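Have a look at these structures, which come just after this line.
Each of the two complexes below includes subunit A, the first together with subunit B, the second together with subunit C.
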Partner chain A sequence: MQFRLEKRAEPSRFMLYATPVGAVILTMIVGAIIFSLIGYDGIGAVREVFLTPLTNAYKWQDLGIKAAPLIIIGTGLSIAYRANVWNIGAEGQFVVGALAGTWVALATYTMSGPWILPLMILAGVVGGALYAAIPALLKTRLNVNEILTSLMLTYASIQLIYYLIRTVWKDPMGIGFPQTRRFAASAQLPTVIPHTIVHLGVPIAIVVALVAWFIMSRSVFGYRMRVVGAAPHAARYGGFSENKTIWLAMLVSGGLAGLAGVLEVAGPFQRMVPGFATGYGFTAIIVAFLGRLNPLGVIFAGIVLAITFVGGEVAQTTIKLPDAATGIFQAMVLFFLLAGDILVRYRIRRVVTTPAGAA
Partner chain B sequence: MTLSRRDILKIGGAAAALPLLGGTAFAQEKLKVGFIYVGTINDNGYNYGHNQGRIFLQDALGDAVETTYVENVPEGPDCERVLRELAQQGNKLIFATSFGFGDAVIKVAAEFPDVKFEHATGYMKADNVGLYNARFYEGRAVCGTIAGHLSKTGKAAYIGSFPIPEVVMGINALALSGRRINPAFTVKPVYISTWNDPAKEGDAARALIDQGVDIIAQHTDGPAALQVAQERGIVGGFGQGADMSAFAPEAQLTAIIDHWGPHYVNSAKAVIAGTWTAGDTWEGLKEEVVQMGAYNKKIPADVVADAEKIRTGQIDGSFKIFTGPIKDNTGAERVAAGVAMTDAELLSMDWYVEGVGQPV
Partner chain C sequence: MEMLIPIIVTLVGAATPILIAALGELVAEKSGVLNLGVEGMMLVGAIAGFVAQFYTGNPYLALLCGAFAGAAVSLIFAFLTLSLSANQTATGLALTIFGTGLSALAGAPYSAKPIALMAPLFPDMLARDPFWRVLFGYSFPVYFSFFMVAAIWWFLKRTRTGLILRAVGENDHSAHSIGYSVVGVRYAAVVFGGAMAGIAGACFPLLLTPQWAESMTAGRGWIAVALVVFASWRPLRLLAGAYLFGLVMTMELYAKAGGGVLAIIPSELWAALPYLATIAVLVLISLRRDASTNAPACLGKPFMPAN
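Up next, the complex of A and B:
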């Protein structure tokens, strides 16, 4: 007996949006079974990882600040991926954006004023966009695969952090530890809700996603990105330049990653440290796909991924689940999503082979 | 564990004394103690060592404490969230076991004044933030003695994380003690900007061996470098944080074993008794916070004897590795003959002794 995948003429719109939700639910069910089988409290694991962060009001602020960078980067990536431009190096653009913001913060260390933070944010966006311009240039001029170049530039950006904080930016008071000095008050992102740690980056993330959704669904720019991705030939026929699209996709996704970077360094970190790059740019790739490459979906997906991070820590402290469990849950979400996608877009047909000689 | 018999006596003594305290001792709630580790407890090195300390505490105080740990906590805002989480769950004593947790500890400690924090290897104190550290460099002096004797090329390497005083001190102790044996002995430091990344540690070890190094010391958390040393058949290296001989039976010459357990027990007892104050301890071989692993069988007896002399000398106080004359690696004299460096000088050390290559 053989099976064949057959493309569906029109994937069900309901299923398209139900799959991400289904993937999360399946992850919970299968996760509970797996962890029970290897001797943990499986149901407890799912409860602590997925539900406790939602039911405990203390955890909401953690979810907000963890989800914010994921949403901002994921929004940019969803725009680029819509246009079939595969920017895998958001982590690097995130880092360079943060470095550009750090540069402004250190250069204005002895000054104060409400203009410093906006200038840092601007520097961050420009920094991230410029770093994404390198793969864009290589792609459009030399036809070098942007997946490879953007990914490799991530590792270069981390070396750039190490170089700067060990030499010119080293904290004079840090007894030799390679990190910058703590930013002055004017260069720190303010909190928006008193007595919490929720900083300005959280509302910015929501606004970015909403604006992106509006632009993608209501403007010529959005139309262009969608058409180039969905029907490259038609797009070319319609006069949309492919190179211009690559440039736009890389600059927008890089700029947003840079924005997330500068908000992260000015908010939770308040200084540049060697461990700054914790993988937001890579996790945001899952966020973009889980969000169906739709900025509104990205908000939902960013929160789901934030839940698994925060919940993973809760599970470690309450039911002694190992840290690796977080990675297993995240990987399962992506796995079920991709597997579900196949079934939404294709149907499985049994291939009946007629025995030779019969009939 | 050699201490177990003594601990049983201690626990027995404590149990015998309990009735004297009357009902209050039984009415008391369990002390919840939290630990955060920068790496995984399975690194078989530094974080493993801290977790062994946690288990030691749990075994020693039994029902009086309930311990929890969180592993792989990044040094940054994530750490802040984990500390807050532990404090909110009712942990009244929290150990933050990596240097880079400092900012977060100070911040969260200010929000939870009734929770006691202890930060390992850090430098920022507060009313409810104590510091504790170990004199790892004393172990390095023993390692350096062995390295000076055994190295054929006279070249050793030191894989470090960050150029902070704790690491600089270790490099210098290795070089000073190696050069007491072989004046041509040199140490090449390499910084890999992380405490725990087996791939980077292994790559660094490979590159250094290609450059003619035959002794590899490390200040990173896992056994990756030692495994490379084993594979390449060089003279060897040293376990860091825990005995790593299982991973490199030929290459591990000895190990610096961190034994945090007794400190954890003392702190927990102080919190239970209400006598805890923000301390600043820096203990070493003498207090058995730093211990040496077994010497490898391939080390000749006279070398072992020499290494033992350094070990016992540091325990009885007759030998101090940072005693002048000490020149730095530019040739300038830093410490005059016969003068021992003070703890304050050691804790801000940012220069390398003669024989250490300037890291790039």
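Up next, the complex of A and C:
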């Protein structure tokens, strides 16, 4: 008896949404086995990483503030990847957005007023979009691969943080620490639920994803993105300029990454520090895929990945699981998801073995 | 001239791992597979090489372990993209995320534990004179990288197997229809690329900084991917490109050590320079008329033979 892959006439919608769930479940099972084999408490690791953040109500606020940047960045990336524009430098755009917001916060340090925060957010979006404009320009004008340029700019952006907080933005009261001063009250993101750390970024993330979903499914812009990605020839025939699509995809994904960056620096951090870039921009790539490049899916995927972050921290203290385990679980989710993709396009048929049976 | 010798030695050390990783990626890409997991495979090779050197003190065994580890994780990529025709870009990214996590997990118990650097290949006697040191003062991977440039050039240009590999990368369906196993050739090319990336990763603790540090390859794997584009998929140009980058990184090291005029530029800019230089060379190469014409025609496209 053998199995054979048979191409489906239409991609299976059931499989499209079932495979992300299957990928997470498989990650839990295989993860437990692998971590047991290398000498950790495998079942404990999976329980702490995937379940404790859900069952322990004290962890819900952590989930919210970790999911928010993932959802915002993941939404932007899902739009870009739909159009086949491979922006993988969201981490850099996140950083530059945060730096732009920090600049406004420091420039208005002695002032106060409700206009400061909106101005910071605007600066963050513009900063992220401008940083993404570099790969967009190079791609559209010179056909330079955007994967490599956007990633290289991420490495450069981290050096930009180090430079700014070591020199011009250094906290005069910081006893030599390379970091900015703490933002003034008007430049801090307010919390939305009293007595928690849940800040304004959490509802903003949900709104961003919902608006993006509406635009992607109901507008010409969304149609353009989907057509250019799925059928570039048809798109050209239909009059959608490829270059304009690249620009839109880059600016939207960069702008949203910048938004996430400014919310992060004005919310949880309230100052710029050397360790600001913690990898949300990279994890959001997994979020975009796990959410099936659909903003509604991204909300769920963002929460799932936030669970692994929060759970990874829990497991560090409770069962001494190293921090790096979180990254392995996250990569496994993406591996299983990509492996499962074949079930969307093909169906597995059992065939009776013939001498020339196809593999 | 005397002054230049330590600079040249540093330059060679910086260029070697990038060159080895890029050569592996070149072979994979020539077969039509774009593996963006080089950085992850290098990190896995780095920790495997480190651990082997830590326990055995045999750097050749360490390089071999690095090669095996890199090849092993490349099999995950190969299985997903070649057997299950998963998206190569996404799978490559996943491999880098996985390799970063796996190496950090495996390396956690070894931070701040020193190992011995790999000794030069030739006896001291040959390398005593400063001039001769430039030629004979390096350890094995340096000579290996030069040998591989020539070997891969010869393999791709002059051998039948090399021709088949290029055919698979240029026109997978034709190669399939005349009876070559497209998937088989690509598996071999990807695993070779993984082994080379693993060796390149092992060079970091064995040649450069004799300890384990998380993400110690610091984006060099991505620079290797960029170099393949820069080199228009030609091994000899890869050699030139890797040494160009070695030079940039050497200047960074000298600037950090407070080297005269170099110190005028802030150290952060020096640290960002290899990445900015990568963008600059990609721009330069794009201005050439033959820029993309030399890319393997099937690069990055999944192959699924009709049933």
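Criterion: the second predicted complex is superposed on the first by the 336 of 359 C-alpha atoms of A that agree within 3 Å, B and C clash if a C-alpha of one lies under 4 Å from a C-alpha of the other, contacts with A are read in each partner's own complex, and residues count from 1 in each chain.
Throughout what follows, a contact is a pair of C-beta atoms (placed from the backbone, for glycine too) under 8 Å apart; a residue touches a chain by one contact, two chains touch by 3 or more.
Keep in mind the model is a prediction, meaning the values are calculated, not measured.
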Inset, instruction - Overlay done on subunit A, so just call it for subunit B and subunit C: clash or fit. - result: clash
Legend entry - subunit B or subunit C, by number of subunit A residues touched: C
Inset, instruction - Look at A:52 in the shared chain and tell me whether it touches subunit B only, subunit C only, both, or neither; answer first, second, both or neither. - result: neither
Legend entry - Which superposed partner A:310 touches (first subunit B, second subunit C, both, neither): first
Inset, instruction - Using the superposition on chain A described above, determine whether A:162 touches subunit B (first), subunit C (second), both, or neither. - result: both
Legend entry - subunit B versus subunit C as contact partner of A:322, first or second or both or neither: both
Inset, instruction - With the two complexes superposed on chain A, say which partner A:62 touches: subunit B (first), subunit C (second), both, or neither. - result: first
Inset, instruction - May I ask you to decide whether A:145 touches subunit B, subunit C, both, or neither, giving the answer as first, second, both or neither? - result: second
Inset, instruction - Clash-wise, after the superposition, say which stretch of subunit C runs into subunit B: 110-118, 146-154, 272-280 or 290-298. - result: 110-118
Inset, instruction - Please identify the positions on subunit A that touch both subunit B and subunit C, taking each partner from its own complex. - result: 162, 166, 322-323
Legend entry - Contact footprint of subunit C on subunit A as seen in their complex: 4-7, 86, 88, 138, 142-145, 147-149, 151-153, 155-156, 159-160, 162-163, 166-167, 282, 285-286, 289, 322-328, 330-332, 334-335, 338-339, 341-342, 358
Inset, instruction - Enumerate the contact residues on subunit C facing subunit A in the complex. - result: 36, 76, 79-80, 84-87, 89-91, 93-95, 97-98, 100-105, 108, 214, 218-219, 222, 225-226, 229, 266, 268-269, 271-272, 275-276, 278-279, 282-283, 286-287, 291-292, 304, 307
Inset, instruction - Spell out the part of subunit B that touches subunit A in their complex, as residue ranges. - result: 34, 40, 68-72, 74-78, 80-82, 84-86, 88-89, 99-100, 103, 123, 162-165, 168, 193-194, 347-348, 350
Legend entry - Complex contacts: residues of subunit A adjacent to subunit B: 58, 62, 65-66, 162, 166, 175-178, 182, 197, 264, 267-271, 273-276, 278, 310, 313-314, 316-318, 320, 322-323
